[in-house]
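What follows is a pair of complexes built around chain A, which joins chain B in one and chain C in the other.
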Partner chain A sequence: MVKSNGSDKNKILLFSILFMGLSHILFLKRFGKGIVYAFIEAMFIIFTVLTTLVGSGPSIYYAISDMITFGVGADGQIYNAQAHNFILIEGVMALVIVGVFIIFYVISVQDALRTYNEYCMSKRLEGPKGLARTIDESFPVFALAPAIVLVLFFVIIPLIFAAIVAFTDYTTVKQSFNWVGIENFKYIFGGNATWTKALGSVVVWTLLWAALATFTCYFGGLVVAVLMADNKIKLAPAFRTIFILPYAIPSIVSMRVWFSLLNGTSGGIINRTLMSFNLIDAPVSFFSSVSMARFLCILINLWAGFPYFMLLSMGTMTSISADVNEAAKIDGASKLQIFRNITLPLVLYQTAPLIIMSFVHNINNFGAIYYLTGGAPNTKLSTTTYAQGTDIIVTWIYKLTVDQGQYRYASVLAILVFVVLCPVAIWNFRRTKSFKEGEV
Partner chain B sequence: MDRKELDYYAEDKKRSEKKAEKEKNAKSPVNVWAVIAKVIIYVVLIAISIAVIYPLVYTVAGAFSPGEDIGSITVVPFQKGFTFSHFADLFTKTQYGLWFKNSLIIAAFTSIFTVIAATLSAYVFSRFRFAAKKPLLMSFMVLETFPSFLGMIALYVIILKIGGFNQLWGLILIYIAANIPYNTWMIKSYIDTVPISLDEAAKIDGASNLRVFGQIVFPMAKPMVIFLGITSFTAPWMDFIFPKFLLRTPDKMTVAIGLYSMISDKKDQFTLFAAGSLIVAIPFMIFFMMTQKMMITSLAGAAVKE
Partner chain C sequence: MKKKILAVAMATTLCFGLSGCGGRSVANTDSDSQTLSDEDVTITVWESEEVKEFIEKAGEAFTKEHPNITVEYVNVELGDSTSQIALDGPAGTGPDLFAAPHDKVGVLAEAGHVKASELDDSVSGKIQQTCVDGLTYNGTMYGYPVSVETYALFYNKDIISEDEVPKTWADMIDYCKNYDTKKSDYALVFPVGSGYYDVTFSTYNGNRPFGADGLSTDTTYLTTEDGLKGMEQFTALKTNLNSASADLSSSTVKSLFTNGQAAMYISGLWDTQAFADAGLNVGATTLPSLLDETTPSTSFNGTRAMFVSAYSKHQAEANLFANFLLTDDMQQLRYEVTGTLPATDLEVDGDYVAAFKEQLQYSYPMFKNIDAEAYWASYNAAVSNIWDGADAKSEFEAMEEAVIK
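Moving on, here comes the complex of A and B:
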């Protein structure tokens, strides 16, 4: 038994490190927890050591080592005949399992020490608590498990895999691919003139697009909300109902409709309308020049995107407490003054963080580009790089992956997106209330 | 009251009336400006309304006009007659009914399981203290920023490995996982505002964690849960990227894929597309119109995410 004066801390630490859950079972009377921890370690040892030695069954060791060699031995002999993408995904999964195991280990040691501290304070070890209590106390584990397992397997592992593929020569035609180091990065960032040019133009357009799309929708929405905020506009609810429509319609529908209306042949409605007013003589091919197509992307995105910011601004306007307005009124402020000095600054202040989130959304806004233009028109760079005039990074990634099977370059671009968005993600986290209050 | 006093009051009344009239006269130029401003506002709002409705008019016109491509719709709608035949064609000449069923299955299951998984984890994040809480919340926030299709190549391999390729359930798993980080944060922020004293009182009365969750926290979080249930329904409902990549046979097609295939550079079945689009879009439009008040508050709440 351990002493309750804190002197056995090292003993607890040693035994909990020696084997997961050992301290729980031997000293702390947490048998249920200890057995679960011990079981986790036992399973881990079976699948790393035992299956490796026996040579049958899934082995975490082999999964990781095969990932490095792609199942080809030093003598050139193939001892893992699986497709290379399967070898790679198994390797990533094995790495993640090792990672999760280490996290469990740290948690189990911390838990043993905490339980011991509690014992030192209360001088009393709680015995077994009965099944119902134990199940109830492990509720957080069961409640978190589905979310974490799903996110691990369908979000985190895929992202790691995507990042790793950037260091291989994986394409659809090359199923038995190999490690190539940073060759792909070199190729795209300067090694190949056409690809480098295409990358430059796509990145510039992506940033320009995101900035303009965000700016136009934000101020478009704000202006409309402000126009309707005047309570003398009796029809405001009717207008709001109309303005909400683009937000309600799935973008794949509305963008394909716009695409059809802007059809460059004599069939397109907009062309026929302009011709019937004698504004143009022959149908204009709207998506054939890059600058025209880009301008239309932003314009039509304004159509689709302003309702969101309109609703948002209206929401913040109504949430401004009536007291503030009342106080201003008593002080003799006119309506215009109240609006200019109170309402507008407050709305801007509250919605400003969303400008950045909306910028991120637009960098990833696949639908607004792909459903409208599909990337068109072609440029000189399109035949080699598959990047067209209105393609942003994500639509380019999509084409490289789905249409062309150029997984290696798609992965390099995916890493580029990570690098650009990571600071934003961290900034977003730091501004949350939970973070500011030091809760997490 | 004597005479003098009454006179005084009468005079006072007159005086104040005069003053009011004076003020009114002084104000009248301002009123003219107010009227002009109002007219301008109305003109602007009507112009925006026309721009908003413009493509919708032609979608409706397309759905009910005879002919096949965009060229068969007249500039002034309905000059060449009116027909319901496109709606009949959708169900006889294409597999629209099947696509609709597939999309509905995907969206409904995604929505239900997202909400369950996210609410459970949000409850744990909001109410329990445990070792890995900070890194987990942080990674959820970081993951929320990246579109899930960046990992598309791996998802293809994983789905192939677990036998979910060309299966609706494979797609559902991907959508649920992709939705969890954002939804967990949203519900957690909401649950944080529910006073903890309520669950503590219930726990003193002997309620289990599951019971506190089911009978106190979940009902309290209902407004947010409904809002997120809807958004997790709409996203997979009209998603194009994953079905296109992971569903291959005609019997697994979804509405988004089916509609998209009707209009391309080589193909123009605008009228059929318009009819199919109306069927999926109208329920959303009605729903959004009905719930716009609620959405204004929900969005404002989501804006100041905590």
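Moving on, here comes the complex of A and C:
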């Protein structure tokens, strides 16, 4: 038995490291816990060692080694004939299981030491606590376990898989692929002039698009909201309903409709209308030049996106006390002055976090671009990189994956988006009240 | 106590030490050859929605001949089957037989998703040679050709009479340039941004972009002198049809023609139902001839084939059914249901059949190498840019650099 003066700390540490739960069973009389820990380690050993030796059944060892070699043995023979993407995802799963096992191991060692410390303080070993008490005390663990398992398998594993594809030459053209290190990063960031140029132009346009789309929708919505609040406007509710309509139509429908309305042949309705009024002689190709197409993207996105900010601003404006406005009016402030010095600062103050979120959303606003122009028009770079004039990063990623199966380059771009957007999202989240007050 | 430590330590070392030795065997990648089963068998067939009726009827007829085999139709569109089989096949939820266009044969064969075809003697002699060529990849034929398609020139008889339809591209260019827009807005429309159609301008003097076998790996043959000569006639068409390539998508030009806004239209038999629905009076003829040539300019053709999945557990039955689809009765039925040309030498009647049969003589299979998807994207981007004013030579050179590795 262990002494209660703390001198056996190293012994506890050694045994709990030797085999999970060993100290719990041998010295600390925590049999239930110890058995659960020992069972976890036993299972782990079975699936790393036993199945590996036998050569059948799921083996964590083989899953990881196959991930490194893609099933090819040292002798050049193929030991795992599965498609390489399956091998890769199984390897990721195995790694996550190993990670979870290590976490369990650390927890078990810490738990053994803590229990021993308690024993040294109280000088007596508590026996098993009884099932009811154990369940009661560890209720959060049981309650959270399903969620954690789901997060592991449906969030963490796919994310890791998507990210490590950037280090392979994975394309759907070939079923087999291999590790290539940072070749893909090198290729896109400077290794290939055309790709680098395409990346530069797409990134610049993505940021420009996100900034302008957010800015126009926000101020468009705000201006309309201020106008709606003016009591000289008759039938304000009717206008409000009309203005909200673009927001109520699924954007995939309205964007496709806009695209066909703006068609540059005489079959396009806008062209045909202009022609029948004799305003133009020949149809105008709205999407023929990149800058024109980009301008239209922002304009049509304004049409579809301002109602959201209009509602938002109207909501915030109701919280501005009428006294303030009245006082300003009595002091002889003009409407513009009231807007600039009262409405705008107050609304802006309240909705600033949403502007940032909207910016992030617009960087990834697939539908607004893809369903409107589909990336058109082509540019000189399209022949090589498939990136077209109005493509933002996500639509480019879509083309690279769904159309071209170039997962390797798409993954590099996805990592780029993640690295850029993650800090923004976290920073914005940390600024929120609910986070600051520690309620999350 | 020390003994215990020692025992545990030894056991652990032993376990991990041994794990280094491989306990498993080399994977067996050959699937067994399969024979017909006497038991009840259901074979699953992936086909597009518009072919559903045909597959179901053919399945019924097949079950009459082979009572133990039932055919089950599952809707997977032609364009999706190749990516779908890559996932569903290995997972064991794939079909026994699936439809795919012949330009996927490279991807399917290289990845090992499909089996080589085992044509029955009764049907093998009847298949059109161009379909056999289309489905042959590195010397082996995969799949069973069920229909073949190409494009030709449709004209709206209410706008243009048969005699007026230009016979050469040079005449066509003049015709478009001097076209009276009172008759209709456009003379000739076609999806200018699609290499599938535009390839015809690169086929002067026997030049065959991507190789006559569709497998050229060292050059695209687009930048040859003969190839570029014809492209001048392509851009010269941009007179009456003065819109950017982005505006001339296949759906746009189709609606221009069906609305009576265009006199002529290059497309395939798949659009004829739309002409009938619109009540158009349409004729079809072969494509005009390039430069000083006297025969119609060469078009791409596409063979639609049924492939036996390499993951199928009923390959023998799937083979049998695929061969059954090539019999005259079934080819006739397929033509009646879908309106696409038979892949066999079966004679069929129809309004546009003569023109398309003739155009088929002047067509060759589109490319089918494993990078076909990348080729299409590059090629479409290149021809779009050329239509919009870029230099054909430099565009095609950029494309060649991008796709030929």
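The rule is simple: the second predicted complex is superposed on the first by the 313 of 440 C-alpha atoms of A that agree within 3 Å, B and C clash if a C-alpha of one lies under 4 Å from a C-alpha of the other, contacts with A are read in each partner's own complex, and residues count from 1 in each chain.
Operating definition for what follows: a residue touches a chain if its C-beta (ideal position, glycine included) is under 8 Å from a C-beta of that chain, and two chains touch if they have at least 3 such contacts.
Since the structure is predicted, the reported quantities are computational estimates derived from the model, not experimental observations.
Legend: residue contacts after superposition of the two complexes on their common chain; A:Gly267 is shown touching both chain B and chain C. Once the two complexes are laid over each other on the shared chain, residue contacts for A:Ile60 go to neither chain B nor chain C.
Of the two partner chains placed by the overlay, only chain C lies in contact with A:Gln77; chain B stays clear of it. Comparing chain C and chain B on the residues of chain A they touch gives the larger count to B.
Within the superposed three-chain model, A:Phe86 lies in touch with chain B and with chain C [touch as defined at top].
When both complexes are overlaid on chain A, the residue A:Phe243 reaches chain B alone and has no touch with chain C. Once the two complexes are laid over each other on the shared chain, residue contacts for A:Leu28 go to neither chain B nor chain C. Of the two partner chains, chain C is the only one that A:Pro377 touches; chain B does not reach it. By the document's definition of touching, of the two partners only chain C reaches A:Phe19; chain B does not. Of the two partner chains placed by superposition, only chain C is touched by A:Thr52; chain B is not. In the superposition on chain A, the residues of chain A contacting both chain B and chain C are 86, 260, 263, 265-268, 376. Looking at the complex, you find that chain B touches chain A at residues 34, 38, 41-42, 44-45, 48-49, 51-53, 55-56, 58-59, 69-71, 73, 75, 116-118, 120-121, 123-124, 128, 130-134, 136-155, 157-158, 161, 173-174, 176-178, 180-181, 184-185, 188-189, 192, 208-210, 213, 234, 237-238, 240-241, 244-245, 256, 259-260, 263-265, 268, 270, 273-274, 277, 280-281, 284-285, 287-289, 292, 295-301, 303-306. Those residues of chain C that touch chain A in the shared complex are 5, 8-9, 12, 15-16, 18-19, 21-29, 83, 86, 90, 107, 110-112, 185-186, 189, 193, 242-248, 252-253, 255-256, 259, 261, 370-371, 373-374, 377-378, 381-382, 384-385, 388, 390, 395, 398-399, 401-402. Residue ranges of chain A in contact with chain B, taken from their complex: 85-86, 88-89, 92, 103, 106-107, 110-111, 132, 136-137, 139-140, 143-144, 146-148, 150-151, 153-162, 165, 170, 224, 227-228, 230, 232-233, 235, 239-254, 256-261, 263, 265-269, 272-273, 276, 303, 308, 311-312, 314-316, 318-319, 350-351, 353-354, 360, 364, 366-367, 370-371, 374, 376, 394, 397-398, 401-402, 407, 410-411, 414, 417-418, 421-422, 424-426, 428-429, 432-434, 440. On the side of chain A, the complex with chain C involves touching residues 14-15, 18-19, 22, 45, 48-49, 52-56, 61-62, 71, 73, 77-83, 86, 172-175, 194, 260, 263-268, 282-283, 285-288, 293, 373, 376-380, 382-386, 388, 399, 403-406.
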